[in-house]
Amino acid sequence: MFKTLIASLAFFLSAEVCNAQEKVFHFHEEGEKQWNYAQAYRSGNLLFISGTVGKGTMEEAVTRVYDTLGKTLEKYGLDFNHVVKEGLFTTNMLAMQNAQPIRQKYYGTHTPAATWVEIKRLFDEDSILEVELIAEIEKQ
Amino acid sequence: MFKTLIASLAFFLSAEVCNAQEKVFHFHEEGEKQWNYAQAYRSGNLLFISGTVGKGTMEEAVTRVYDTLGKTLEKYGLDFNHVVKEGLFTTNMLAMQNAQPIRQKYYGTHTPAATWVEIKRLFDEDSILEVELIAEIEKQ
Amino acid sequence: MFKTLIASLAFFLSAEVCNAQEKVFHFHEEGEKQWNYAQAYRSGNLLFISGTVGKGTMEEAVTRVYDTLGKTLEKYGLDFNHVVKEGLFTTNMLAMQNAQPIRQKYYGTHTPAATWVEIKRLFDEDSILEVELIAEIEKQ
């Protein structure tokens, strides 16, 4: 009975988060493998999350990008408080600055190291925002 | 008496460097929190320093940027010899190359891994240089 | 006799790979020191490889860049399976995407975290591709 409970709990948890020790996490395994990348790759205590893109209006792009980053962090049992470094690439810096209130909803009061630059284009022609993260599994 | 001396010494040192174990360092706490970033964020033995910007002539920008980076390193008791990786973004690569003698004064003979790219614009419209660093607290 | 064999073996191996514990690796020591960078710099278990550039046709550039990255990894006894994070900067994203089959030959089925962006120019005016890597010495 107790064993069954533990097993059920383990199953439930595994459905929620992948093993925090997994090295590789894919959202779209086939597509990512075709381009030789993973949504996230772990080395030791650090989790490297690939540049995640968004399009449409900047409000839509910011929401899409940080939603996806949040889901990726969740897979390792993490949230935005575990982010150590953010790299942000956009085709429209002013629009991104105006959308900071949306981004702030994800970070709350957390303040990672960050670098923001405006570039010519991203992987897809219609993407306007790409954000990569380094997070730490355990705060140390 | 001895205790007082130790306490004074501790106070003096804390005024010079923040605890090398601090996770977050702000130069301008209010402004940085508003934009959800920190001048530096530590994870384990690695210190991530945010993209630090400069404007004016490239000579002025390089001096301003590396002065600020040096002060940030100092807060953790470090110097440019602890830099592991430099990411440099500029709106004028040729001008930056011409200013390398100024940058060299900061690094001396130290040679971190580095990536330099020319991009469209930085966070502020009038910035012409942004440099981010990864440093190690203890060389290992 | 046995000692001699061990010594010869050690010499042979050292000719093939630099000590995986070396902090700094230079391909062109004089030129790299002049610009204060190293082809690779190690901190703990992580190896940071500098942005490595290529020119000519994109096929030539991709081949040149990943050949050089592969040789750099080799110096630490590593291969592309040890890559944790790739940062790719190109002046022509479409051409790079078309050259993915060449890149795939280097990675095989490996999938690091990756960020690809199109930028204005690289260190050299005629470079069209620059790739930086973070690799791990031991998979952990």
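A, B and C are the chain letters, set down in written order, and residue numbers restart from 1 in every chain.
Heads up, the rule we're going with is that a contact is a pair of C-beta atoms (placed from the backbone, for glycine too) under 8 Å apart; a residue touches a chain by one contact, two chains touch by 3 or more.
Not measured: the values here are computed from a predicted model.
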If CA atoms of chain A are superposed on chain C, the rotation in degrees (nearest 5) amounts to 120
Residue numbers at the chain A-chain B contact, same meaning over half shared and different meaning under half, come out as different
Chain A and chain B have mean C-alpha positions lying a whole-number Å distance apart equal to 25
Where chain B touches two or more other chains at once, the residues are 119-120
Per the touch rule above, chain B residues touching chain A in the complex are 23-24, 26, 32-33, 35-41, 43-44, 48-51, 87, 89, 119-123, 130, 132
Per the touch rule above, chain C residues touching chain A in the complex are 45-46, 84-86, 93, 97, 100, 103-104, 107, 109-120, 134, 136, 139-140
